[in-house]
Amino acid sequence: QEGPIRIAYIEPLSGPFANVGDAGLKHFRFAAEKMNEQGGILGRDIEIVAMDNKQSPSESVSLVQRSVDDGINFVTQGNGSNVAGAIVEAVDRNNRRNDDKVIFLNYAAVDPALTNERCSFYHFRFDANSAIKLEALSNFMKTRDDQIDNIFLINQDYSHGQFISSRMKELVGEKDINAEVVGDVLHPIAQVRDFSPYVSRIQQSGADTVVTGNWGNDLSLLVRAIDSAGLDVNTYTYYGGGLGTPAAVGPRGEDILFQVTEWHADVNVDEGLEEYEQWFVEFKERYPEIDWYYHRIYNQMHMLKNAIEEVGNAEDVDAIAHALEGMEFQSPTGTVTMRAKDHQILQPMYISVMDADAKYDADNSGVGFRTVANIPVEEATDTTSCNMRRP
Amino acid sequence: MTKRNALELKGVKKNFGRAEIIRGVNLDVHEHERHVIIGPNGAGKSTLFNLISGRLKVSDGSIKLFGKDIHNMPAHKVNRMGLSRSFQVTNLFQNMTVMQNLRCSLLWSEGHKYSFWKSVMKQDRVTEHAMALAEQLNLHKQADTPASLLTYAEQRALEVGCTVASGAEVILLDEPTAGMSRTEANDAIQLIQRMTGENTLVVVEHDLSVVFELADRISVLVYGEIIATGTPDEIRNNAAVQEAYLGTEVH
Amino acid sequence: MLKIQDLNAYYGKSHVLRGVNMSVERGEVVSLLGRNGVGRSTLCKAVMGLLPPVGHVEFDGKTLSGLEPHSVAHAGIGYVPEDRAIFPGLTVAQNLELGMKKKGQTGEKWTLEKVYEWFPRLKEREHTPAEVLSGGEQQMLSMFRALMGDPQCVLVDEPTEGLAPKVVADVAAILKQMANDGLAVLLVEQKLSIALDIADRIYIMGEGNIVYEGTPEDLKNNPEIRKEWLEV
Amino acid sequence: MLETIAYSILNGVLYGTLLFMMSSGLTLIFGMMGVLNFAHASFYMLGAYFAYTVGLATGFWVALLLAPILVGAFGALVERYGLRRVHQYGHVPELLFTFGLAYVIEELVALFWGTVPVPYKAPASLDFTAFSLMGLDYSMFKVFILLVAIVMFVGLWLLLKKTRAGLVIQGALSRPDMVGALGHNVPMVFTFVFAFGCALAGLGGVVGGIHFVTDPGMAFMMGPIVFVVVVLGGLGSVPGALVASLIIGILQTFFLSINFSLAGAIGSLGIEDSGFFGVLWHMETTRIAAVLPYLLLVLTLIFRPRGLFGKREA
Amino acid sequence: MATNTAAGGASNLLRFWPWVVIPLLALILPQIFDSRHGITLLSHMGIAIIFALSYNMLLGNTGLLSFGHAVYYGLGAYVAMHVLRMVNDAGGEGLPLELIPVVGAAAGLFFGVIFGSFSVRRAGVVFAMITLGLGALVHSSSLMFSDFFGGEAGLFGDRTYAPSLFGVDYGSNTNTYYLVVAWALIAAISIYLLRKTPLGWMANAVRDNPERAQFVGYNPTIVRFIQFALSAMFAGLAGGLFVITDEIVNDESVGQIQSGIVLLGSYIGGIGYFVGPMVGAALVTVLESSLSSYTEAWVLYFGLLFISIVMFAPMGLVGIVHTQYLTWKAGGWKGNTGIRLYMVLAGLVGIFGAICVIEMSYHYFRSWDPSAPFALMGFTVNATNALPWLISFGIAVIGFGLMLFHGKPMLARRISGSSEGGKA
């Protein structure tokens, strides 16, 4: 086989979510370029084929088809578990009905269902799923429960937020966290313009800690409303460090905005990861507006490379999937494993908080993140109900 | 022989806000007669038509069409009971051709209602009827001309045609000759006479020559009240009418 | 004085006015007669700039042809269109107000009070939407609206349409009054009796041209002309 | 409960004034000109971006003045070279024109300013706590918003009372030729009013961009809520728009501030949280709050098609 | 705006050719675009065509501007999906796949009757805003009532686990495509014939003059209501077909974007013509899904294309063709065909220049290294140099300039000259 190895990048590149899709694309393009400089995969270049799904599940389904038509064997996506669900479905259907198969590399969609009841042999998730993130977060909260008394849950009213809301309540009991959930609200996604009423409820509930899976404007506006009302609470988030939030929040989030991620920029500094720091800096030089944010894309691209090299070609999709299954990889942050049972990656996690003194600020906001806890792989895991059908 | 009454208005009143425009009108229109209503501007003639035809609701009183109460019925129901009207300002389906206007006016009375399983063009009765009407109106040459491109007089003629088309027994015409020249007006009168034949006709008109040519009986409406009803001669010689309406300009 | 020279006008490709020449002096009422559809209303529209005029129109020495309608109006021309063109959504008072060139400012001869005095019905209906006015009331409104702008010359297109006989006399009186006030009045009229009654001079239009010019007396004594150009 | 009500009123008024700011320009454009301007939110967005960019050079206060003027000028161009042409074809084409325009503006904004939010912040002179109430701080900027809204209200009121622009436009909607023949420069009035409406949207953006987030998605996010306000208030009615904004603001805040569901109040009565009625029974007011404006809109239009203060039917 | 009337006053050309050309195209196209994605795209076009035709029953025929037509499309799709899943769960036994769209149609009709009963009392802005509100409400509900709607993830089904009336294997996209074509033809013919019925005529009448319609015996509200319900039914049919082709349905199918797209498509094609919405819907479907793979600036192009159609071709694309055809038939092209061609050519040159400018802008602003050479229309250019900008702007200005300031006046002169000559 000649020519580049192509990966279809199916994300919103127009419309209100274009910034998110655009940032991801830049990550992939950068990673591909860096790897191509090192000789690519099996001597072939990696090429990222951008496809605009307009954040629409059904559009994504037909883009999967187009990828197959174009002879592309890998698709990647992450924004929106609903889209990811549709892609899983489309990929499965395609691989069942046709000979030219595809693998779906999920770099950000966190709905646990994708590695549980809806798990698929051709789907691999390189981000920690929501259950794992909550596991990590609650382990951290347990260590701090002297400072945490009242927890308020505020989340977007769709499966992602609904999951956090219900799972977090369970975890407080399970982990025996010495705190109480004093409030739990769901708000419609991407529709709330003014969060002050919610903030007043947080205030009335007497909460000192807010847990939210919000992202994008829903998070920025929430954090700004909390700050401008002068509320003294800590906010634990999934996405506080990206998707536009640092720029929109700025120094207001300092010391109160926490995030749970698989990596952040100052990890490189703390752990002396010079090579990876170099990677980060180069990315910044190229795209001064944003930062290298998705560490998992690094993992994903390298693990794919290893799998293809192991198989020896980029066309035998089943073999590549088998190779990825259970693969271990030495990531800069430690060893990560693609769990064979459900194709969920297991990796160390970091809890960090916004900090103006961090070496690297996020998205030119003047504030970056400082690690407050490392969660080892063993503590950042979940159980799975996946019952995978393998070819 | 007592004549049947086509229309019977009893104590009809209408006010808009505080302004009382129709102040208790009693009016009988006999079957088959041509009844002309005259009166000063703003007396309430058009309003009266609006009340009868269901375009406006009455404030008080009753209106009967062939003995059946029709007041406050919606306009389409009044129409289905056999009363049809034209407008003082031309009010056609402007984008449709002459034939299409006529066909539309015929559909309901030919019993096609809201049906969506038969083709209009295949309804031969409707087509024949519409053609015949177009001929009577002298519009057959313009059959496929959109209404908006007709001359004013032609539009008025079509207005009359559409009004008559449904075969209603009682027909109300509001200033059918307004804006026409003498000759056109004469043509229009003839047209009306030809088209309405045996029907009961109620007409509002300002043109006195038209009035006297057309009317079997005349009612004079002044400030929302009928001050006189009678044959043309009676009206012509009625002092109150002269005072209120005709002025000195009587022929 | 209003001077029209070699005026042509077209609707698309149809050539309606074919070189009209006429004039109206201040202080006179000039009636423009003609059969239906000869183009009398078109003449008014062309003068107002509502149709692109080809030819020359001037008023008091100021060239009007080629101007936008609003500039024509500001040059002192008032227009009462044949279809009344009242503004249905607006009240009577608002309709009249739109007639004024500047907010709240009318000429000296025709003020709001004067109008309401002439035609008290409008005063009663001051705050009702104009579309519910009776046909005759709308006609009067349209005429008074034009007067609110303090015009020096008025083009009145079929003002007596739909008016009761008594009111027709009123309108005639108003037109006379305007001429006496020194305005130039161009009256397009269907009803021969009125036109002859109040006009100082008469033009007859036929086939897009002026085919006759004279005084009312001349016309009364000239049945051939009437037969040829005014009857069918 | 009393506290909740007091709180709802205070915050509802604040939120309501913001809504009013965003929609007041539309009251002019939609209410008077009948143009269903789907690009209104885009002008609002331009206001924010212009203010941000101008502000980098001149500081906030100059930008506050300049940005709306720029947006207004841009609006004038749009009217003159786009809308005016489309106007003659009717309302649907006008609407579609603005629809397309919204897309184009969003793309251009994303092109020039990038897709990530810009750091557009309140000036230091407004960025402090003005007062605290019931444990919550209110920044000076919120007070400032209130002031700006009042200025807008007065400006609109003056435009409508002191000029005849409204009359001219309403007249022109039925008989443009005749309004011209009476001596009014109709095209100019249209341009002026459209530009003014856009400038108001721009002013809303100058303030809203700070209060919310300034990114290319901000227009989309505002969505059709502005139409709800204008229609609910009654087409063309400035007081109506104000009242509608306040009603929506207060009601929404109230719904968000209480913890209420039928099941919570009456008891679940064995009704499960599934099925259409089950879900409704257990639905918390907070979840309804967001759709409340649309619910109000539909109900209002069914029972009172001309809106709260409207004189004529839409 | 819409000049056609009940009888479709158009010429014979417009009356007959669609029924020959469209089915032919439907058969030929899959031979050309024979990839899976291509076939799916064609299926989507078929569905969009039904949806647009149903939409035009409201906008074009009845004068009702709806911002929420996707409600019926989407609800039809959801109900059809539930039935498909029931069939799946029953081990592929039950309603044959070919009839699943009928379920969608029934659901569309059902909801059309319910929502129509209170929204059609008035036309105009009131109706438009009610549909806007309803659209938003239904869309929000689709995320709240996840039992029925499956939340934002939506619902999935499998068309291959359903019986077929004719024993067809619907694992193949092509077979599914022909099912879509069959239904699209049925729907198009029905909608076409509906326009010729008393109801269709009165819908036009009510659009033009509801008051007069009352005085010939019709209740405008009922006319609108029936049209609305039937139109919702066809929208539901389209939704049901979508379930079959995509085997997924989620909240976006009832969403505002879906409602907006159908309005755009119908209008671009020309709501005054029967085939207008078909052409528009097909075009929008293609552009939406393929333009984005050619250029980053696709939304901008889409917006600009759309604006230009609204501004310069208010009757839609079919409108342009039709008027030009009429002119040509009336001999209006005689002696000026060259000028017309010249204008088109100049316009194309202008567009070419404009595209260069836009592409360069995107490269300049979006790429991390604006000075990196990039391929533009077969040339390699550097967007930080002034020259390519000058050339591109130049081409655009010259192209449009020639078209508007040279060709157009010339054409106008030629036309008026010849018509006057004819008269003399």
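Each chain gets a letter, A, B, C, D and E, in the order it is written, and its residues are counted from 1.
We adopt the following convention: a residue touches a chain if its C-beta (ideal position, glycine included) is under 8 Å from a C-beta of that chain, and two chains touch if they have at least 3 such contacts.
All figures in this text were calculated on a predicted structure; none of them were measured in a lab.
If every step must land on a chain the current one touches, say how few steps get you from subunit A to subunit D.
Minimum step count, subunit A to subunit D: 1.
Trace the shortest sequence of touching chains from subunit A to subunit E and report its length in steps.
Between subunit A and subunit E, the shortest chain-hopping route counts 1.
Taking CA centroids for every chain, report which one is farthest away from subunit B.
Here the answer is chain A, farthest from subunit B.
Please state whether B-C or B-E has more C-beta contact pairs across its interface.
More C-beta contacts join the chains of B-E.
Can you compute the centre-to-centre distance for subunit C and subunit D, using the mean CA position of each chain? Integer Å is fine.
Their C-alpha centroids are separated by 46 Å.
Measuring from the mean C-alpha position of subunit D to the mean C-alpha position of subunit E, what distance in angstrom results?
30
Counting only Cα atoms for the centres, state how far subunit A is from subunit C in Å.
Taking the average C-alpha coordinate of subunit A and of subunit C, the gap between them is 77 Å.
How many angstrom lie between the centres of subunit B and subunit D, each centre taken as the mean Cα position?
49
I need the residues of subunit A touching at least two other chains; which ones are they?
14-15, 157, 188
Would you please write down the residue numbers of subunit E that are in contact with two or more other chains?
140, 144, 299
In the complex, go through subunit A and note every residue touching subunit D.
14-19, 22-23, 157, 185-188, 190-194, 196-201, 203, 217, 220-221, 228-231, 244, 247-248, 250, 289-290, 363-365
Quick check on the complex: what are the subunit D residues that touch subunit A?
My answer: residues 7-8, 11, 14-15, 18, 107, 110, 114-119, 121, 129, 132, 134-139, 141-142, 212-213, 215-217, 220-223, 225, 252-253, 256-257, 259, 284, 286-287, 289-291.
Contact residues on subunit E for subunit B in the complex?
2-3, 5-7, 9, 193-194, 196-202, 204-205, 208-209, 211-219, 222-223, 226, 230
Show which residues of subunit C lie in contact with subunit D when the two form their complex.
Going by the criterion above, the answer is residues 48-50, 68-70, 72-74, 79, 81, 85, 87-90, 94-95, 97-99, 101, 103, 145-146, 149.
Quick one: in the complex, what on subunit B touches subunit E?
Checking each residue of subunit B against subunit E gives 53, 55, 74-76, 79-80, 84-85, 91-97, 100, 103-105, 107-109, 112-121, 146, 162-163, 165-166.
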